[in-house]
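Okay, so chain A shows up in both of these, paired with chain B first and chain C after.
Take a look at the complex of A and B:
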C-alpha cells in the first residue's frame, strides 16, 4: 500500500515537472556528421548557433558532432548513423547519401547557395621549418628521397582533393598525356610511407610523430598546424596550381523528418552563410564565400591558381569513377 | 584416492625444472634475465611511464579537468554500462558452456568449442562490421528497426553487442580446462547421494571453479572496458553520446589535445594495473588453497 502511494506520488511529480517544460522552451538535439578537420570549426560554430537559436526562438539546441574521414562518415550515415545534417568534404560523398541510402533528394546540391558549400578551401603543401628538402611545387614531391604524407583517397575526402590537385598539375605539365600523368602520380605515391584514413590522422602523423618531409593538406588544416600546433615549426608552400575544394553541407531529410528537426537543421546550415557563420569559418582558416567577409580576410589566404572539379574533371561523379572507384587510376598506380 | 589437480602437477614440475635451470652457467642465466628485463622495460614500463608523464605534463589541474569534462564523463559512463552488461552475460554463458563441454559428451562438441573461440580468431573490425551488416540501415533488419524506432548500431545497444561479442570466450576458456581436469567424480557422487541439478551446480561445481571463474571475470572486464576496434565500427563517434573511453582517447588525440588524451588514457592504464593486481591476488589465493588441499591429502 505504501509502495503504490509512493509510486503515484512519484508519477505525479514527474508529470508535474514535465508539463511546464513541454509548454515552454524545447530542448533540441542535432547531430552533425562531418569530416575530419572541421572539429574546431564546428565547436565554435555550434556554440554560436545555439546562442542564436535561443535568442530567436527560446529553444535550447545542443549540437552533437561526429568526425572522421569523409567517405567513412558518409558510409556510417548510409548505415543508419542518424545525422540531422551532413557536412562532408566533397559532393560525391553526399551524392552517396542519395544513391545508396535514399536519404536526401536528388537536387540536394541546389538547395543552398554556392553548390551548397558555405566555405571553400584548397590544397597546399606543409613543410618543416626552413624547407630542408626545398619543396616549391608538385614536381618536387616525386623526387627520390622526399617523403610525402597524405591520407588514403579511398576513405578520405581531403586525400581525393590532394590527388586531383596533383593530377591537374601533372596533366597541365605533361600536355594532357595521361600515361605521363599516371606515371607522375605513381612516383608521388611511391614516396608516401603512411596512408592514414583521414586528414586529421595524416596531420598527426606529420606534426606529432614527425614522419615525412611534406604534408599534402587542406589549407585550413595546414594553417591550424602552423599557427596553433607548432608555432614556427612549419611553413606553408603554395603550389603553382591547386584545386578549389568545395565541402558541401546538407540536411539529411529522412533522419531530420524522423526527429522533427527539419526546421532547426535547415536554419543551422543557413546560419553558416550569414556574416557570423562566415566569420567563424574564416577564423578557422576556411575561405569564406560571403563577399564582405572574404574581403575582410583577404590577406589571410594566399592567392592560388585554382582548377575546379566541375570544369576540369567533369564533376565528382565522373572524377570518382575514373580515379577512385575500384580499378580506377588510384588502384592502377598503387598496385604497381 | 587423491585426485591431482593441474596446479599440483605443475608445482611438482616447477621444482624439477628449477633444479635443472640452476645447473646452467651463471652467464647464461644473467644474460637471459637481462634480456627479459630489457624487454619488459622497453615494451611495458616505458610506455606506462610515458602515459602518466604525458597525462601530468600540463599539471594536475589539467589532468582533473580532462577527466571531469562532460564528454569524458559520458564516455566513462558508457564504458561502465557496456562492461556491466557484458560481464554478467558472459559469466552466465561461460559457466553454462564450460559446464556442458567439460561434464557431458555430445555430438558437435568440438564445433561448439570452435565457435566459442571464434571471437578470438576474427579481427574485432570484422566483429563490428557483422553488426553493421545485420542492424545497419541497409542491413538485413535495418529498415524494420528504423520503422519501429529501435536503434542498435551507432547507439548503446550496438556498443554492448560488440563488447559482448569480443569478450565472449574469456570465462568459458578459463573454466573448460579447469573443469575437465577436475573430472566429474564429485558431481557423480553428489548425484548418487540424491542432490538435484541446482544443488550440484551451487554446492560442487561452482565452488570448485570459483577462482578460475573470478579470473575469467577480471579478464572479461578488462577487455570489455578496453575494446577499441569492434566498438569503433559500431559507435558512430558522437561526442558525449556513443564514445567509450578508448574512443574518447582517440578523439582527444586527434584534436591535438594530447594532455587530455593521455589523462583519459591513464584511466585505462590504471584499470590495467588494477586488473594485474587482482589477477595476481587470485592466482596467489588459488595456489594457496591448492597447496592446503595437497597438505590435507598427504
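Take a look at the complex of A and C:
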C-alpha cells in the first residue's frame, strides 16, 4: 500500500514537473481566425498590440492570422483549427462556434461593447473608372449585360451582407412583395459570372483579373481597391440603401484555455476598442465605434441610409435560415 | 493565363484575321464599334473561364488539405488525416521456423525437443495516433509464442496507449514490454538470432500490465523510464486478466547514447542500467508458485524448474541489468547481464536465491550496410530478374544462465533445497553462429546453429544426490522465413 502511494506521488510529481514547461513561456503565440478582407487591418493591429503587450507585461506576443470566407473559417474552427480569437464577418458564424462547437459561451456577444463589434462597415458598389455602365443603384445591377461580381453567400460573410443589402433595397421598392423581391435577386445573380468563396477572391476577380462591371464590396474593401490596389481605376458608388455590417469578435474560450492564452486573447480584443485600435480600424477604412475617433474620420465615410439585420431581417438566425440554409431563398434563385 | 488570352486577342486583330472585314468598311465606325464590343465580350468570357479555372483549382487544393491520405509502402499500410494528427497503420509480423534438434530424445529423455515446422510469431498489428500525440498499439498473437511461456495464456501481445505530451515526458499504459531489457526492447522482427538470449527469455520480464513514464532528455541522448507493473516471473508474459498479487513491481531504466548524432567513432555507443523491485508470495491457495522455469536456448523445454507443489516465492524479487550496444559501420555488438534475487520457501526453510544470465552477440554486414539497433535496409534488394542480392549478415553469440547453488537439494530426507539436481541443471552455456539474409527490408531468411552444454541435471545412476551426470548437449539448427511490414 505504502509503495503504491509512493508510486502515485512520483507520477504526480512528474506531471507537476512537466506542467511549468508550458505555463512559464514568455513567448506567446495567438491565432486570429478572421474573414477575408481583414488582412491589412490585422497586420497593422497585430504589430501595435504586440508592442503594447510587450511594454505592459514584458511578454512577446506573436499573432498569426488566418483569413478566408467567414462561414468557411467558422467551420474550420469547429473542426479543430485552434483559434485563440475569432474575428468573423457576421454574428451567425460566431454563433456556430457556440452551437456546433461548444467553444464559447452562449452570452459571447455581451462580453464586449457594441455587441462585440468593435468596428462596422457597409456594402457599396465599386465600378470601373468613368462608370461605363452608368451604375447608380441596386436596380442597375439586374439590367441585361451588366456583369456583377460578388462572392458565394454559402461561404462568405461579406456575400451574405451583399445579398441582404440587395434584398432590403428590392423589398422596399417592391412594396414588400416577396415574389418580386426574389425575382429581383434572381436576376441579379444571373448577372454574376463567377462566385468566389470569399470577399478577397472577388476583389481579385474584379480588380486584378478585370472581370465584371461592378463589385459588391465591403466599404473597407472598396476603399482599399480604389486607393491602394488600383489607384485611379475605380470609383465607389454609394447606393441609396445599404446595410449596417457589424463584424463581431470573440475569444475562442476552449482553445484559449487549452493554450493558456485567455488573458492575452481577451486583452487583444479589448485593445480593438481603445483609441489606438479604433484609429487603426479607421485607417483601414472600417467605421470606428468610439465616438471620438468616429468624429475624427467622419468625412472619410459617406452617409448612407442603412438597414439593420436585427430590425429588418429578424436577426442573423432568422436571416440565415430563410436565405442561406440549404433550400433557402438563395438556393431557390441561384442556378449555377 | 489572362495575359495569354489578351495577347491572343490582340494578335488576332493585329494580324488581320479579325480585322479583314474592316478592309471593306474602313470608314464604317459603327461596325468598328460593334467589333470592339465583340472583342471585349470575348475577352470577358475568356477571362471568366480562366478565373473559373483558378477558383476550381483553389477549391481542389482546399479539398486536398482536408482529404485523408492513404499510405501504402514497405513501411506498412494505413490512413492518415490531412493534418497528420490522426492515423492508423496496419502492420504485421510472420515468422515460419524449421527447428531441428539433434537430441530428439534429449534432456533426460523427456522427448520434448521435437523437430519440425513452427509458426513462431503470427502478429497482425494495428497502431496509430489520435489528436497528434496519443499513440496506440494493439497486437494479438496467433503463433506459437502465444503459449511459449509457461505463464502466458494470453493471445494479446501488446495493447497500450502512449501519450506523447512532450519528447521528455510520455506516459504509456496497458500491456507492453516493460522498459528493462535491452534485447527485449528490440523488435521481434529486428533481433539478430531466432531466439533472444537467456537474459531476455529467462531473467528479465517479457511483457507486463502497468503504466510507465518515459522520455528522452539531453537532446535525445538520455532515455529514462520509471514504471509500475503487476509483476511477472522471470521471462514472464502476463495474461490480461486481473492480477492476483497485492504488491506490484517497480521498474526503472536509464539508457544513454552520449555520442549520438556526432561524427565520433562512438556515435553508435549506448549503455545503461535497469532494475526492478517487486514482492510476490506464491501459495497452494492461489495456485501460483510465483517462480519461473528456465528454458534452454531452443525454447522448447526447461533445463531448470523449482519443485512444484512445495516451493513458492516468498517475498522480495529484485533484478538488475547493466546493458550496452555498439554499432560502427557494418559491425555491431550487443551485451547485457541480468541478475535476479528471489526469496523462496520450501516448508520449513527459506532462502534468497540469486540466478543470473549474460550474453554477448556480434554481427557483421558483409554487403556494406550500416548496422543498427533497428532493422537492416539492404542497399540493393534481392531480385531474381537481375540486380542485387540483398543484405547478408554474419552473427555469433555466447550466453550463460547460472542457477544459485543454494537452489538444489542435497538430501531427500528433509527440505534442503528448492529443486531436484538430478533433473535440473545448474547452468546452461550456449554458443551460436548464424547468417541473416535480408532480401529486402521486409523479408528475411535466418539460419542459426546453437549448441548448449549443461551442468548437472542428467540423472544419477545411484538415484542419490551425488554423482549426477550432465544433461546431453542441446544442438539446434534453426531456419526462419520472416515477413514483416
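Criterion: the second predicted complex is superposed on the first by the 309 of 336 C-alpha atoms of A that agree within 3 Å, B and C clash if a C-alpha of one lies under 4 Å from a C-alpha of the other, contacts with A are read in each partner's own complex, and residues count from 1 in each chain.
Note that contacts are C-beta pairs under 8 Å (C-beta built on N, C-alpha and C of every residue); 3 or more make two chains touch, one makes a residue touch a chain.
As the structure is a prediction and not an experimental result, all values here were calculated from the model.
Participant: Counting only touches as set out at the top, which of chain B and chain C does A:64 meet: first, second, both, neither?
Facilitator: first
Participant: Could you tell me if A:180 is touching chain B, chain C, both of them or neither one (first, second, both, neither)?
Facilitator: neither
Participant: Between chain B (first) and chain C (second), which, if any, makes contact with A:322: first, second, both or neither?
Facilitator: A:322: touches no partner chain.
Participant: Examine A:172 and indicate which partner it touches, taking first as chain B and second as chain C; both and neither are also allowed.
Facilitator: Neither: A:172 stays clear of chain B and chain C.
Participant: More residues of chain A in touch with chain C or with chain B?
Facilitator: On the superposition, B touches more of the residues of chain A.
Participant: Between chain B (first) and chain C (second), which, if any, makes contact with A:201: first, second, both or neither?
Facilitator: Both partners, chain B and chain C.
Participant: Using the touch definition from the top, say if A:211 reaches chain B (first), chain C (second), both or neither.
Facilitator: second
Participant: What part of chain A is shared between its chain B contacts and its chain C contacts?
Facilitator: 80, 201
Participant: So in the complex, which bits of chain B are touching chain A?
Facilitator: 132, 135-139, 142, 146, 151, 153-154, 236-241, 251, 253-256, 258
Participant: Using the touch definition from the top, list the residues of chain A that touch chain C in their complex.
Facilitator: For chain A paired with chain C, touching residues are 3-4, 7, 10-11, 14, 18, 21, 80, 147, 193-197, 201, 205, 209-211.
Participant: Using the touch rule from the top, collect the residues of chain C that touch chain A in their complex.
Facilitator: Per the touch definition, chain C meets chain A at residues 2, 44, 47-48, 50-52, 55, 58-59, 83, 165-166, 168-169, 211, 213, 226, 228, 247-248, 250.
Participant: Can you list the chain A residues touching chain B in their complex?
Facilitator: Its residues touching chain B are 31, 33, 36, 39-40, 64-68, 76, 78-82, 100-101, 200-201, 204, 207-208, 228-229, 258.
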